Structure formats: structure tokens, C-alpha cells
């Protein structure tokens, strides 16, 4: 059967239509859904929305709200979001980046989801449109639920701007300059009085979804970013990770090099 | 079956086509309006041979819902020439022998155009980044990178 | 980038040519940069139908039943094709050259032999409708044990992959399960060697990955002919193969191609043309069958993996006296072109070196994986990897410079090769000399002076028989030439190697009494520094 | 952490023309009435440049400018039989067939010119600029255009030629493998320099230096395309490519160009190439085929360079960072070899 395309002015209508049909899919940038369509996957209806909120970046009190339909290219064009540029640039090539969206990246299967890994380190909140209702949840909870009761529609993410230079991001890939991740590390490292205060560290491609690694965060708390200060964090680097073996790398290799790259990231050594 | 009318600007001509639901832009360009410059290489967004510019930005036409192009401008490699005059990128690709089988060339040219339109003086790294979504299995990329750099400097005689 | 060494072999070249040697622009370059080069899929054909195949989800399974009724009535479906609908549903590519038995169906019947093997073809108005209809086909499989490893496949009791070849190996000359090279006596020569090194090498299966996937469009033409736009690498090869499978006179087929989006060997197998033409015959409409990228990557034929064992005997002074190679080509479930690669591989052994005793056994083995096929360097790329890594290990083992080690053993004009043909038009030595020079890789003067031409001889060549008769044991002529001075900084022969070398390296053989030098006229004699006398 | 540099060398030869022979190719060459030539082939150009190289071969043989020749390929109704584009047979087999066809056409062209100039055909030569002149007396000449017009409308001659090139199939002795596998061989030697990260097993290409002997470089730019692109493919085979990452296990086969790894434009290194030319007696103008063999020396050269850098031998392709790291750990750390002399 030909797939029908339904376009809605508001996200509420779109979310409602989406919930009404099992094989309906929401189309944002197209990098996930159109591929599925091209490869013959079961899709009955494509749901779209022209809701402006989807594509806006706007201040929300002390935080910033980024619409789920905002593309990587749009983020790279925004000086205000410079702290997100390394993560946005890690997604695909230029053509993919002018299509791929923030919301899509939250749903990209591992080892994809580099941008989402950075958002996790930034303690982002996801705003979900369920029917005509909105609810917010921490990104970490969103990932915990992903794939299971994944109802609703990602509307936007909220995040606080980190102190300049506090967010470090590194993607390890086999192919340069573009390749999918062997692993990705995003680390928010606020410094108070020369010491780490309130570190948040997240990995991509080290589990079924981007993961937050508390053991590493604890080990960094109150430490100085030098060889001695990070030793505990490096030792705990792989705790709680569940990397997959895939066409890019084995789980063994991912675990083996994770501490190496975490150390290099924390010490500011080139990959 | 229901078809939807879509109008967009195609290489400086206005076109109107009826498309099936979920038809992608690549299929509409090739089968609908007969522009076979963009190629089918994967339908997955991983090879770049279908690269076109939409409102000046590089896009993968195989992953672009045709309907979403309503009222927008779509440029393909077929529109690069200015009448009989080759675009500097086309000249540079010729001078640098930057094509063998030629199948990736239309997408490469559009990825390169997107770069040069925005950054007329790119570094070698900028060029590598700009074509990083475009696969070439023949050339080893070196002549393509050199051609794009040469086109940027308009030094068409420059050799690899 | 490119530097020409016109000084070398200048006396063998006619330089008074007008067009040859010029960097003339490609005839097709303007078409490429203007995106007007016409590939098979760029031909506009009205009323086009689309063909997709349902593939086996099992590596190896018996087909109990196939139910296509739901698919036949699915929206947009024009025709569903099963193996029984294919006029001659068994073929092998090289049957055109009368080489090998028909062993592969276009659509599986009774049994599937690899995951991804085509079982049913669906022709519909759109690719999507063909995909959706395929999902409605019910195939009842009985999974069978599968074998994936080339050496496991050769063991007694291994699952039989392809009943046409019950021993899981291609059959050569109606009597052998492998291709042989026999030259000299390697076993006796190993006993004379100072070191014996046996190693195992493994090539990977590799996708050609052309940016244009395999595909073709077949359209009914006037006068009952069919026009086929195709991306084949071999127009008549594909035409004759299609004519055989469809039992059609070849002049009913008009193949058009010639501009192809990369091939590298992956577009010889004619996997889309026969079904596309059959579809056109059965529907009276043009039919397009193009592999999607995932099909191309996993079910389009790859470069086959090879497992290679090399056992070499080498003398302290650097001469290789014996080389035994056993190689297993992973052909996958069907022959395609691997049988040919095995012969080409055998002919290539022992590589571009003169070795007086050579023994090779090359097998074409069937396993339950995607049939492999030709790829750039077919039959040679894998064994070259093995041979040249082995050469590096040998040089290291005896503490000789790797470049000088190759020059010493390189074949020269007039040397006898293991397949019993005289080497001529050689240039390996010059390549090593020039590459070393460019890389600032120092080699000693006497090695810089050596040449591939008569006069650039080496003792290693001395033992090669002139005649194409079974060679007697060739003993290294220890007295025929001075041993080479050790390379500065190189460990003395007999010193332990600088790094772990595989345990298989044998103890240095005890020094043996010198054998009688060859008489003039008995065989060619040459020394590293002197000129070759006859 | 440490990064170690190392160099490795490999030298190879490669058989040109389909192994064992038995693989004919045909060509047709004809002139239109204004002296422009068409070569009709059923051979395939997959990017290697067959149309372009046969065009030059035809022009050289006829003695006309390359612009006056057009090569039409791959229409089974108009192009005569060819086995196909594989086994390094395009330049060698098709090239030789084109020479034979062009010689026959040239013969008729000279006869027609001789009749117009009232001299012996044997005294004539083309000037390569579109005219035929009396040897030693360039002022006595006639344009090929006029020759073609005369041949077509006055003399009733067809300026055309047919060519076939066949290397007869070689027998193979089942017991010894005695055979004639090929008629000529190309040669190469390549030195690769790499940098290996001993904590991650990652390899970075530093530089390649190579020498390729190709008989004759019929078109240096096309040769350069093959050697540069081929070396890239060799590097790709050495370090990246496999359809079955856990071979012989079938798991995790790549499905797209993200999962199927090949070096990107950021992974390439400088490659300095020298070309040697020892003409093959049976090659078209001595030419061999560079297309297939150019990748082969890169695989072992890179493997040997990695050993030289960190002291590990990886004998299973592709040489992934994982395999290198496992081997380094197994031997208790990197063991850089002495600098290659």
C-alpha cells in the first residue's frame, strides 16, 4: 500500500495522530524514517508537523530550549550554542547535518547518538508531547525507557549553558573525518577553586543507549585534572558499561580503549 | 491511489509534479522530471551520490520527502553549467582527472559547491570535511580534494 | 605525484610515438562532470515494473514448501516467479568456457545453501509493493547444519554444501580436488635449509562496494527481442549467460551498457539480468531489478577469503631453497569464478622469485556463505599479502635487509619459473631499487648494481632447470658464490632474531659438506657479482 | 602512551591478461566520409579508462589526431565480441584487437591516398595532423578528409578494419601444474611508513613511496588515476575492509557505508610514485595493465611496517586496531624494531 503523509499544524494533533496508528512514524529530518521507508520496512503513515516550536531555539529562564526539529546544521550556525558545536559536528557529513535533528538523535540506535551523549552530560530535560499533554523528564529516564514504553513525541530539550570550556567532547571513529562511533565521551567538568565540582560524564556506543557513568563522576569529584587526580576515574572508566560487538568494533575493544581515551580527554591530550 | 501535487524550483525552472505518498526527492527528480544527475547509491544516506542542494544547503535526496520540497529551490549537478559554460568545479575536476567511473561525481560536485558557496577559501581539512559524506571507490579522494582546492583558488592549472 | 624513470630500459622503448604516452583527457570526462554519462539506470523506460527477491533467512536449509498465494494477490503485484518458472534453472558462469559443472540455480529449489540466497522473485508496480508482497510469501524451511570454515568443510562428515560437489571442493581435471604445482623436491630441500619457517595467513572477504549497485533493466523490444540496459562488466559474458538460463537464441537479446559505476570484479556474475529478462518475458513489461545497498554488501558476491599456509626453507646467506604453499579459497555456496582463481593463484606461486623447489596445493572450497567472485587482483591479492609478509619474516629471521633479500631472490630474465616457463621481461629488481631510493631506504652498492636482465644474476637462479621436465632435487650451490657480507647493524646469521618469531622456525640446520659445483653446459651458472655464464 | 613509527616494504608481480588465455576480444574500426574514425567495441569502461586508452591506441596506429577518433562501447548489436573487462585484459587484449583493426583500416586509407596522389602507398606516411604525405616530400600531401571522400564516393573503398586478439587457451598439466598462465607481467615495489598507537592499536599512514613497472604508460594521467586509487584500495583492504568482521562467523556483516569501513579523505597520506617502463613484447605499444595489480603491494607493505613499528605480526586481514592491541598486550608491550636500514 502507498504510504500516506499527514501534516499537522500543531504538535498536539501530530502526536494524537501518531498514537492512533501502530505503523505510523513521525518524520523530522528523515535520516531514520526515510531510510526505513526506502528499505521496505512496514510504515503505514508518515506524520509531520509544521509547528514552529519544533524548529526554534529559545531562552527558557536560565535554560535554553531547543526544538526537537532543530538540525545539526542549525546548531552549528548558532554562536550561542558554541558549546554544542563539537557534538553537532560529530554527526554525519554536511548533508546529513542539514537534515538530522536533535529529536532524531535521541532515538538513534547505538552506536549512533553522539549529540544525545553530549546532552546527557549536560543534564538535559526532554519535553514529550503525549496527545495534547506535555510532560518533561530527565534525559537519563528517557533513555532508560527508550524502546520499551516509547509513547509520545519528542518536542524539545531543555539544558543549561555550561561554563565556558566546561563541556569536553570526544568521538573515536575508525574513519576520518567522518565515521560512526567506536565510542563517544562527553564530560561536563565544572571547576571550583581548581577542583572538579559536579562532574557529569556520559558515554556513547558503550551500551544500548547513551550512558551516564556515576562511578567516574564520583571518582572525579573534588579532584584536580592531573595524572594523580584522574587515576580513580580512569580505573572506574568501564564500570557499568554494556558495549555491543558490531561491524565497527568488539565489546572487548570498546572496553579496552575507553580508559585510554577517558584519560586523554581529562588530561586534554589529543586522541 | 492518491497523489499529491508538489511545486518547487529545479535548477532555475519551476516544476510541478504529482508524487505518491512518501516518495523521496531522488525518485521524483529521476523518474518524475527526468533529471538523472543525482544517482541512487544506497537509499540509506550513507554514500552521498544523490546529494543535491535545497535552498543552498546540501541534502541527501534519497532521504528527503519530496512533499517537503514544496516551494523550495532544488539544485542538482545538471544545473551546474551556466549555459555552455562549465562551472569552475567542473573545469577543475576535469583538469585534475578527479573522476574515474563518474558515478559519485554529481554528488561530489554538489557537496563541493555547498562548501565553496559558503567558504571560498577552504583549507584541505575543510574540503575533506565537506566531502566526508560522499563515497568514492575509484580515486582515493586525493584528486578530488585537489580539484576542489584548485577551483576555490581559481587556479585551474594547479596540478595534484 | 608521478615521476617517470625514462633512464631505465630506455634501449627497449620506441619513443617516437605521437599519441601514446600523452596525458590526453578521458573521452568520458566531460560526460562525468556534467552528469550526463549514461549509466544503465539512467535510461528512461515507460511502464517500468520493479523486481525484488525474497531471500533465505537460513545459512543452510531444506525447503519444505513455498506458498505464494497471498503475494500473488497483494496490491500492485504483476507476477511472482519461482525456480520452476526459470527455463534452465541451473548454471555455472564458466560453463561458457566449458569449465566446471552447472551448480547454481537462479532461484533456489529444494534447498538453500547460504543466507540471502534468492528463493522467490516478485514483480510489482513499485519497489515498495514488491517488498510488501515478498513479506506475504510463506516458505517452510527445515534448517540443516552449516559449515563456514574452509578447513572444517574438508573434514570427513562435514555438511555437504552443494550436492554437485559432494566433497565440498571444486573438481579439477575430473580427478583432483585441488590444483597442483610440483617443481623440484621441497621436502629434501627443507632438510638442506638453515631455517624453515611455516606460517598461516588469512585474507578477509571483501565487498567491491562500487557506488552503483548491481542492476539491470530489461524491456520487450520490437520483433520479439529484449533490450537490456545493464551495469555488467562483461557484456557478452552476461548476454550468453542470460541466453543459456532463459533458453533464448542470443540474437533475441540486445544488451546495452558500457558505462558502469565501478565494478572491480563485482559485476561479472550476471545476477540481475536473467531474472529481469524473465520478468519482462512473463509480464510483457519493462522490468527493473537493482540490488539495494544492503543486498549488495551482504548478498552480492564478495572477494572470497583465502586461508594460506606457507612453509619456506632458507639458507643463511639469503637464498630461499624451497617453498610449499597450501591455499584454500572460500568459494561460498557456489563456484562462480573461484575455480579459476585457484588456478591463477597456483600459477602465481612462488611469487616473483626464483626458488628451485616449489610445491603448491590450491583448493576451491564450498561453504555456506554468499558465493564469492572475482575482484581486482583476483587469485593474487591474498597470496601476495601472505608471500610478502612471509618474505619480511624470512629476511628478519636471517638478519638480512628486506629490500636486499628480495633483490637477491628476485627472478631474472631466463630464470625458470615453477610453472615451467622461462621468465622474461622482468623488472622486479629495478622496482625495488627505485622504491628504496625514493624512500631513502639504503641498500648496498652491489645490490644497486643488480639487474633483471642477463648479467644481473643470482645464485638462486642457478639451480633452475632449463627444460620443462620434472625437475630433480635442486641442492643449493653453497660453493657457487661467496656468502653475502652481513648487513651493517644486522645480526649475524645464527644470532637469535630481534623479536619473537613464530615457534615453527626450525633450528638452524647443521653445516653440510659442499656439493659438487655444476659443470658448464649442465646448467646456467651465475654469481651475485659476476655475470651469468651459459 | 607512545606512538611508534615503522616502515615496511613489499614487492610483487602481476600476470597481465586473463590467466591461461582463451579469451578473445574483437574490435571494428571504420571511417566516415569526412575522415573521422569510430571504434566499435562491446568492451566495458568501468572507470578504468578503456574508452580513452583504446582511442589513443587507435589514433596512434592510424596516424591521426586523437580528436579524430571516437570509441563506442558496449552495444551487443554493434560492438563485436569481447570477453569483458576483468583479469587485466582491457588494455592488453582489447588494445591489441584495436591495433589489428586500425592497421587494416590504415592500409586501405593509404591505398586510397596513393591513388589520389598517384604514388606508391609504400611511399606515404600520415603526418599525425590529419594529412597523408609523401615520405620526404611533405609538400605532396592530401588531407585524410579528402582521402575519405575519394574512397567513399570515387574509389568505392571502405576505410575500415576488423581486429581480434586471442591468446590461445593454455593446457595445464594436472600433475605438475605446468602451464602458460600469462604472456607478460607488471611489477611493483612499495614502501609504507606508518605510525602505531600502542595504547589503542590505531594506525595512521605517514607516507608511501613506490615504483611500478607497467610496460608502457599509454596515458600517464590514466596510469596515475589507477595507481593512486589502487593504492587507496590496498590500504583499505589492509586496515579496514571485510564483509564479515568476525569471519568465519557470519555475524555483524556491514549493511551500509557507515558500517563497511574504508579510509576517508582524512585518512590518506602522501604517495610518491615512480613509473618504470619495460615494454611487453606482446603488449599494445608495450603496455601492460596497471589497473588490478596496483593495490597488491600495499597490503603486505603496511603489515610489515606495523611489525617494524611495534613488533607484532598480524597475519589475518584486515589489520584492525583490535588485532594490533591484542597482539601488543600478548607480547607485553610494543617492541619497536631497529630502524630499517
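Letters A, B, C and D name the chains as they come in the text, with residue numbers starting at 1 for each one.
Following the convention adopted for this analysis, a residue touches a chain if its C-beta (ideal position, glycine included) is under 8 Å from a C-beta of that chain, and two chains touch if they have at least 3 such contacts.
Worth saying up front: this structure is predicted, and the values here are computed from it rather than measured.
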item	value
Selected interface, A-B versus C-D, where C-beta contact pairs are more numerous	C-D
Centroid distance [mean C-alpha coordinates] between subunit D and subunit C, Å	16
Whole-Å separation of chain centres (CA-atom averages), subunit A against subunit B	29
Whole-Å gap separating subunit A and subunit C, where each centre is the average of the chain's CA atoms	44
Geometric centre distance via CA averages, subunit C-subunit B, whole Å	35
Subunit A: positions in contact with at least two other chains	2-3, 37-39, 176-178
Two or more partner chains touched - positions in subunit D	46-47, 49, 221-222, 224, 228, 230, 233, 253-258, 260, 262, 264-266, 271
Shared interface positions of subunit C, touching two or more other chains	1, 25-26, 28, 126, 209-210, 259-264, 292-294
Contact graph of the chains (line, ring, star, complete, other)	complete
Contacting residues of subunit B [partner subunit D, same complex]	42, 44, 46-47, 97, 99-103, 125, 127-129, 131-132, 135, 137-145
Residue ranges of subunit B touching subunit A (in the complex, touch as defined)	1-2, 4, 20-22, 24, 43-45, 48, 51, 54, 57-60, 62-65, 67-68, 111, 114-115, 125, 128-134
Subunit C residues touching subunit B - in the complex, by the definition given at the top	1, 25-26, 28-39, 41-42, 44, 126, 208-213, 259-264, 290, 292-294
Complex contact set, residues of subunit D against subunit A	1, 199-201, 240, 245-246, 251-254, 258-267, 320-322, 325
In the complex, subunit A residues that touch subunit D	174-180, 245-250, 252-253, 256-257, 260-261, 264, 269
